[in-house]
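Residue numbering begins at 1 within each chain, and the chains themselves are lettered A, B, C, D, E and F in the order written.
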């Protein structure tokens, strides 16, 4: 989720998105500071998983996104939405990925899709949530 | 989320419940504004699913409630609790549905049941949560 | 699942259904023979859960069926399909319950729905599976 | 499990794979013969979901595959492995998709990955399972 | 949720932890006040489950913790983290239990592990989350 | 799972258990023969996870067992039941671990518990399933 030189913070990086990112970073550091080799190796393996190989980065991030949707993890979805956007996935493609997650996972996925769209809107700098934008993506702040 | 002076607002429709409903409505509109036919058809199908047929509305909403409980989706549970109440499910019946969800899904369902009861209490106009009522059902606002 | 006096075995109780029932019974006895009070109490509570109360038996079995579908447990589905049938749920109602499970749980439920219908067909004495009927519901034999 | 004299059957379409396909087809017909509109529409929507759009067919099938892996449904995995192969996914790409499913879903995915590889081997005409090949992919026959 | 001057409150019992505990207690009382025998018996059975027997208390709480992690329930994780700490599980053992949950359950467990560590840090009186500590463990308040 | 000197195959290592073990071994070799580094590293990490550390081997295997139960994976359960037995877990302890899995995961776990007990019985050389013992644990053969 390195957005390059964001001097002054660009419009598409809202406070809510930044808060989500900061919490992730802080707690990941906390976890990796612990001398548990299995945990550390898992985190390294997780990073390696999404590197381009036979499948390109964009495809792999889309796979991560849909896996996160059907398993219904808001933080994972937010993370992969951001990664997909960085990898060049446009809004129409994002919604097609959402549609696969929705049909495979069922209506139980809908609340997570609502939050995914709110997060995507924040990333794209178009608040979908009016005055209470911060509250809308509040769940993402936690992790 | 301020519970202060809600002029004219009926007791059983708290600000928290209203916030939950408003967020759902706003984001659903956002999603349906997107030109993705699979997503739109899924939402239409979801609505159709709970219409009275061989099984009546009340039974179908109870099915939706228990399915949501065992899959542990707070927003889905809140939604179906409200729909069940509208369909005439009383508190004793609601708890029997909860009990099926609890026994099938196990103790992992308990935190969701706590929030379901807090939401039901809000709907019924009897705050179960004292001064910090808003905080208690805060998760429901998000989706 | 007591079908009354099955002299000569009625058409609707196929060998496959009987095998499923026998395996469940044998292993439940094995489990309850163990001096573990938590397990025994859980089994007793499970039985109590589906007794008629504020909600009638038929509704409760339908709740158990849909919960089993969205959690995708073939044996639980088979059990509740049989219980529903005994409680007077007809085929049209059964399919409406299936439809709720399908929409809430998504396409991942479909393979379980195929086996549920195969099991229901066996119960109703109309083999849906041609010559290899036994193989078709074979998964249910195991538990 | 032998389906009789299959003269002319290509090597990569084993009896086991054919049995799986036949059971799916037969039970799907059985389900769609039922006058339940929600179920029928869901099946139609499920088909529509994987049609090429902003994302191509190959990507969508890979999404379906990984979603099926993390939700751990053998039949869904087998189905999407076959669809992926038809869409031109090669073995190396298939394993990269498996690796995403494995890391996101954890070691609980491993038994399903074993069966996925056995099924892929059958599709590719290289039995991975020695003399008892039929038994190895037996679960896939059921649905 | 302000961490400021907590007069008399021990360092390891932060306001956030206390809020979580209070909400659990209040809603459990609310639930048990309802005349539903299945629910009441389930709660009693849940308590009985973790009593020392052939396995000691510490082992049982660790089992509850890992089960909660792979099922990804933040409140259940927080509860068992606290119970484990009370039963004498030290930080290194806690992380080994986390590592089992992580490897079995996959990367989807990571956000829950972040919150588990934040909660553990609060319990141990070492805020891992800087100025916005309250926000960091906010989810735990709800259940 | 080496049970020592099995002259002519000891009673506690039935054909079904051996078949399960052989299938696992064969397919794992097949998977590890593939040049996918993420998959290989995951398998290595999975092995490392259960090595004695701050927690002993027995405790870790019990954690793996309960995690497998609540996630309802028969093959994983069978594997950890065998590993637990090798690590010295006796039948009473095994049932206490089962009871935690049952209460956390709910009645949906019961069919898996039936198969776990059947597998344990096979391991202990006391067939719980009469004449059709092979059929009873047949699911375990597949993976």
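Here is the rule we use: a residue touches a chain if its C-beta (ideal position, glycine included) is under 8 Å from a C-beta of that chain, and two chains touch if they have at least 3 such contacts.
Everything numeric here is computed off the predicted structure, so don't read it as measured data.
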Chains adjacent to chain C and to chain D under the stated definition are A, B, E, F
Chain centres computed over CA atoms; the one at greatest distance from chain C is chain A
Relative to chain F, the most remote chain by C-alpha centroid is chain B
Here the gap between chain C and chain F, centre to centre from mean Cα coordinates and rounded to Å, is 26
Dist(centroid_CA(chain A), centroid_CA(chain E)) in Å evaluates to 26
Note: chain E residues in touch with at least two other chains are 38, 42, 45-46, 49, 67-68, 70-71, 76, 92, 95-96, 99, 102-105, 107-108, 139
Counting only contacts in the complex, chain A reaches chain D at residues 45-46, 49-50, 53-55, 59-60, 62-64, 66-71, 76, 90, 92-93, 95-97, 99-101, 103-105
Listed in rising order, the residues of chain F that touch chain D in the complex are 23-24, 26-28, 30-31, 34-36, 38-39, 42-43, 46, 49, 67-68, 71, 73-76, 139, 141-143
Listed in rising order, chain D residues that touch chain B in their complex are 37-38, 41-42, 45, 48-49
Within their complex, chain A touches chain C through residues 70, 102-109
In their shared complex, chain F is touched by residues of chain D numbered 72, 91-92, 95-96, 98-99, 102-103, 107-108, 110-115, 117-118, 121, 128-130, 135-136, 138-139
